[in-house]
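What follows is chain A paired twice: with chain B in the first complex and chain C in the second.
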Partner chain A sequence: MATTLTREQTRTRVKPAVIDGDIHNDLPSPQALLPFLPAEWRDYHARFGTFGYSATAYPRINPNAARHDAWPPGGGNPGSSLTFMREQLLDAWNIEYGILNCLIGAGARRLDQSAAVAQAINEWQVATWLDPEPRLRASLVVPYEDGQLAAAEIDRAARDRRFVQVLLIARTAEPLGRRKYWPLYEAAVRNDLPIGIHFGGSGGFPFTGAGRPSYYIEDHAGMAQAFQSQVVSLVCEGVFEQFPTLKIVMIEGGFAWLPPLMWRLDAAYGRLRAETPHLKRLPSEYIREHFWITTQPMEEPTKPAQFHQLLDQLGMSDRLIFATDYPHWDFDAPDQAFPVRLDPDLERRIMADNAKGLYKF
Partner chain B sequence: MVTVPGARPITAPGWTGQPRLDLGLVDCDVHQGIKQPEDLYPYLPRVYREQMIEQGGMRIPGSGYFNVPQNAGRTDLAAANCDATKHSTHKMGNSYEQLRDEHLDLWHVDYALLTGAGVYGASVLPDPDFAAALCRAFNDWTMEHWIARDERLIMAMAVSTSDPRLAVREIERIGADPRVRAIMLPTGNRMPYGNRFYHPIWEACERHGLVIGIHPGNEGAGLAGPPTGVGYPTYYIETRMARPQMAMAHAVSLIAEGVFEKFPRLKVLIDECDQFWAVGLMWHMDADWKSLRDQTPWVKRLPSEYFREHIRVGSQPMLEAANNEQFLCMLDAMHADETLVYSSDWPHWDWDDPATTFPKLPEHLHRRVFADNAREMFGL
Partner chain C sequence: MPLDPSSDIRRVVAGRVEEIPPGERKLIVPFRGRAGIGVFNVNGDYHALRNLCPHKLGPLCTGRVSGRPEAVAPPSSYAGEPEIERDGEIVRCPWHLWEFDITTGQCLVDPKMRVKTYPVAIEEGEVVVYADPADLPPQPPSGAAVPATMARGRSAE
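And then the complex of A and B:
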C-alpha cells in the first residue's frame, strides 16, 4: 500500500542523529505530582497549590505557548505524553539524546514548599520519563531562590547521572551573581553539573529597567535583556574566580546580542577595573570559557551573510548547542533552524558534538 | 600622534586620529550643568526655593552606585596642561567658556545639543509639581546662560514625565523657540516610553517638531524600578551594561505600542546607551513580529522599518570590535547611514572625541554619522 511520507519521515532518512538541548515535559494533570510530594506537603499542595510571581500576565501566542499540533491525542497538556513526544519529536527527527527542561515552577515564594515541589518534580521525571525512555536526559529542578535548599536538592538528586544539568530561570529575584545563589553553584561544581538558565520566570520586579511594558512581543523580545543582566552579573561578581570549573548554558536566549555585550563589557572593565579588583581577566575571556548557548530561537538577520558575520564575532562556535524547544510555538526544526547553510563540520558540532562534549554523552 | 586634549590614544589599526574638518560636525550629547543649586533660585517659585534651602538641594534621587570621582568629569581637563583654572570653575561641565574653548572651537563643532545634567531625575521625583518647576527653572537657566551666548548651541529641554499635563504645558511655553530642538528624558522611569500615559507629551513634541531624547539617568532611583529586569546588581559596571537593555525596552515599547503610527513625524534619539544592540534587536523583533503581529495589529510594518525611520542612536560610548571588518559589518547591519549620530558626552570621563572614535569611514558614511543624520533629525 502506498503511503505518503511526512516531511518528518523524509528527513529522518538523511539526517545524522541530533541532540536536542531544550525539550519541555509537563504534568498530565496537577494531581499527577501528588504521589511524588513528601507526605507532609501533599495535603497542603492539593488544597492550596503554589503561590509565586506570575509571569503570564501577557497572552502567549497560543495556549501553553504550544504548537497547534502538539496537544496529545489522548488529552493532557503539550509535552505531557511520552508516547506522543516519541512520535512527534524523538523518532521523527532522529534525536539521539534530548534534554528535558521542565518548567513547572519551583519559584514559589514559600521556599520550603518550593523545595518540596522541586524534589517531587525530579522524582516524577525519573519515574515517568527517564526510566521508560533511554534517549531522554533531564535538568534538575531546584528551589533556586534559596541557595542552600537548592544545593541540598542537587546533592540529593545528582547521584542519578541522567540528570545532566541544574535548571535556573532567566528572570530571578536578584541578578544571579549575587552571593545568595553561590551555594547552588558550589553544589553544581561539586556534582560536576553545568547550570542551565532558561527563558522565562519572574522575580517580581518590572522586567525591564524602564518599567513594565504592555505586550507579549515586548515580553518575548525583552528576555534577551534578562540574559544580558545575568551574564554581566555572573562575570562581575567574580563567580568564575570563585568557581573556576562552573559551566553555564543559556537556553532560549538568542545570541546576536552577545558580541556587542562582550565588546561593551571589556571596554568598561578596561576603565573601571578599580571597582572590581576580584576580576583577573577580561570579561569576554570569562564568557568564552564558561558559557554555552542553545540555538533556538535564533535572531533572523536581514541578510543571510550576516549570520556568518555573527558567528565570526561570537567566536563560540564550539559552544553552540542545537535545541528545538519542543513543544512550544517557536519550535526550530532540525533541518530548517539556520538561516544559512553551514559548513558540514560546523553543523555536526552544533547539532551534536558540542552537546556531547558538555554533557558527556 | 594626536595631541588634541582628550583625544584618546589610537589603539586599532586603520583608525584615523584626524578630525574631518571639512565634512561638518553635529554633536548630539553635550552636558551643561549648574555649579550649585543656588543657580536655579532666580527661576524657581518661592515655595521651592525655601524647600531647597531647608532640605538641602534638589532632592534628585540617586541609585547608590559607584561612579568615577569628580562628577564623572574628564580627568585631563582638570590637569594643568589644559589650564582648567582659567575657566573660573572647579567642576567639569558647568562653564560655557570651557565648552567653547576646549570643545566647540577646538573640534569645529557646527551644532551641539545641550542635554543637561542632574534634572533627568525629575521624572522619578515623588512630587510632580516640584519636578515640573525644577525642569522649568533649569530650562530658563540654560537659555540665559548657554543658548543666548552661542549660535552653535541647541537645546534638549528638560521635561518631567510624572504629570504629562505639566510636561505639555512646559513644551507649549518654550517648545516653539527655534533653539529648542528636543526634549530630554531619562532611561530609568516607571513605564517604557511607548505607554499611552506619555502620548499627550509625544503629541506636543510632534506638533513642535521636537525630538524625544532619552539619556541614562536615575535608573534604579526614586520612583523607577530596579535597573535590570532581574533586580538590583552590585556594581556600577553592571548598571552601565544595563543601559542598552533599557534602550532596547524603550525602543521595543515605542514600536510595539504603535507610537510611530500614531505620530508619524516623531523622532527619538537614544544617547549614551552604546549602539550595536540595535542590530540584534531589529533581527529579534522582526522575527517575533512575523509570529505575533496579530496581537499588535497597529504595527503595520516590520519593526526594523520603524526603527530605521524614527529612532536615532547616539554613538557614544563607541565600542571597538575585535577588528575593523567586524566593526564595519556592524555599522552596515545597524544601517548606520540612517540610524547612527555622533555624540561626544562632553565633558565626561568616558567621552568620545570626533577624531579617534571611529576607524576611517567612507566619506558618505562619515557625513551621515557626523552631520547629516543629526541635521535631518533636528531639522537644521
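And then the complex of A and C:
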C-alpha cells in the first residue's frame, strides 16, 4: 500500500523539550583554530603547514558525511555556524540541552601536537559555542592515545562544568581497557565526568578483525565491531574494578548487538574465570552498571514489534539517551527516532530524563 | 486544465517555464516551517513532489538529484563497470539518503512507500501545480488570489 501523509501527521505539534546527546560542531576552516593555539604551534603551522583534521579511509557519500541541507548559507562546514545550528536544530526541535561532540584532531600520531590541538579545540568550544549559547554543553577533546597528556587536559579544562564528558573515539590504537588509558579514566573519575566513546577513528589498524574491507558501507555498518571490542576490553581488563564509579557512554554505536554479547561473555566467564580472577561479577553486571548508550542510529528490526523485545533483552532502558547526530547524513529527528511507539514514560526517559541524570542537568 | 468548481484542488503557479530549466528544481509554498512542494524539470518534463519524505519527514525535495548506478557483476570480475541509469530522475533525501523516482514518486529503498505527487501542467508559459489544499498554506481571505511562489528556502545546489 502506498504510504502518504495525512494533514494531521504533518501538522506542527508542540514539541516537548529534548536533550540531544550527539551534536557535531566543526571549525569553519582550519585557520579558525590558530588564535587558540599556543605561539609555538601557530609558528609550526606557519612554517610547516596545518595538518589534516580527518582521516577517513573511504568517501562518505556526502562531503563531511553531512546532511545535504546542513551547509550553512553563509559558508563554512556543516556544524560550523551557531546561527544555523540554532535555526536547523536547537530552535526547530526545542532542544533543552545539546552536547557537542567535536570530532576534530585529537587522534594525531604526534602526541604533543595532539595535546595542543585538543586544548585549542576546547578553548575554541568555550569561546565560540558555550559562551554564546546556554543550551549547549560540550565533550572535552583529549589526546586520548596518551593517558597522561589526556589526564592533564581533563584536569585543566574540567573546572568549566559546561564540559560534561570526555570524548574518545571507537577505533583506538589499543583496546580501551589497556593500562595506557587508565590515567585518563582516573582523571575522568576524579573530575566526575563520564567517558563518551564516539563512532569513528582509524586507530592505524584494519577496521575489522578480518582485514581491510573495500567499501564505506562496510566501514559504516561494521562500526559495531569496534564498540564490541571496547566493551569486551573494558570489562575483561578489570577497568570497572579499578574505577568503580567510571561511567561510559557509547555514542552512535547502536545497541542491538549488546544483549547477545552479554550472553556470550557471561557464558564464557562462567567457564574461563580462572583466567581473569580480578573480575568479581558477571560481565553483564559490569555492563549494565557502567554503560550508557545513545540512540542514533539504532538498529531497526524488520518487524517493528521486535524493537520492544530488543529493549527487554537489553534491560538498559534507563541508560538510553536520545541523540540526533546533527549535521550528519543519518540524522535522527526527535519525532521520528523510534521504529515503534514507546510508552510515554519510557519515551520521556530516553528523550530527556536519562541524560539529565547522567550529565546532572 | 480547467478546475471543477466543486473540487478542492488548488491551482498554484510555480513560475515561468524558463525559471525551471531541465535539471533544475524550485521549491514552492513552504508551509508550517517545512514541507511545501518541489517542482522538478526532468529532461523537459515537469514533476511536482511533496517536500516531505515519507520515511522520516525530511525535506526530500532539497536533496541531491542524480541517477542510479547499476552493475551486472562485482568490479573484480572486470565485467562490472557500473553504468549510471536514469541520471537526473532520482532525488535523494538529505536525511538518511533514501532515493525516490522524481517521475513517479516511487521510493527505491522501500517499494511499499511513495512520496505524494501532484499533477503539473504548462499553461500559457507557466508551470502550474494542481495541489491538494491540505498541503498548502491556508487560502487567503479574498479567496481569489492564489499565493504567489515564495522566494524563501535555499536551493539545495
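Simple rule for what comes next: the second predicted complex is superposed on the first by the 338 of 361 C-alpha atoms of A that agree within 3 Å, B and C clash if a C-alpha of one lies under 4 Å from a C-alpha of the other, contacts with A are read in each partner's own complex, and residues count from 1 in each chain.
In this text, contacts are C-beta pairs under 8 Å (C-beta built on N, C-alpha and C of every residue); 3 or more make two chains touch, one makes a residue touch a chain.
Please read all numbers here as calculations on a predicted model, not as lab measurements.
Contacts of A:N94 after superposition: neither chain B nor chain C is touched. Judged by the touch definition given at the top, the superposed model places A:D330 against both chain B and chain C.
Of the two partner chains, both chain B and chain C are touched by A:I61. When both complexes are overlaid on chain A, the residue A:N191 reaches neither chain B nor chain C. Comparing chain B with chain C, more residues of chain A are touched by B.
Contact with neither chain B nor chain C is seen for A:S317 once the two complexes are overlaid on the shared chain.
Residue contacts after overlaying the shared chain place A:Q242 against neither chain B nor chain C. Residue overlap on chain A between the chain B contacts of one complex and the chain C contacts of the other covers 61, 329-330. Looking at the complex, you find that chain C touches chain A at residues 32-33, 35, 50, 52, 54, 56-59, 62-64, 92, 94-97, 112-114, 116, 134-135, 154, 156. Taken in their complex, chain A has these residues touching chain B: 59, 61, 170-178, 203, 205-218, 220-222, 224-226, 228-230, 232-233, 236-237, 254, 256-257, 259-261, 263-265, 267-269, 271-272, 275-276, 297, 299-302, 306, 309, 312-313, 315, 329-330. Residues of chain A touching chain C in their complex: 1-7, 10-12, 61-62, 67-70, 73, 92, 329-333, 335-336. Partner chain A is touched in their complex by these residues of chain B: 66, 68, 187-195, 219-220, 224-238, 240-242, 244-246, 248-250, 252-253, 256-257, 274, 276-277, 279-289, 291-292, 295-296, 304, 317, 319-322, 326, 329-330, 333, 349-350.
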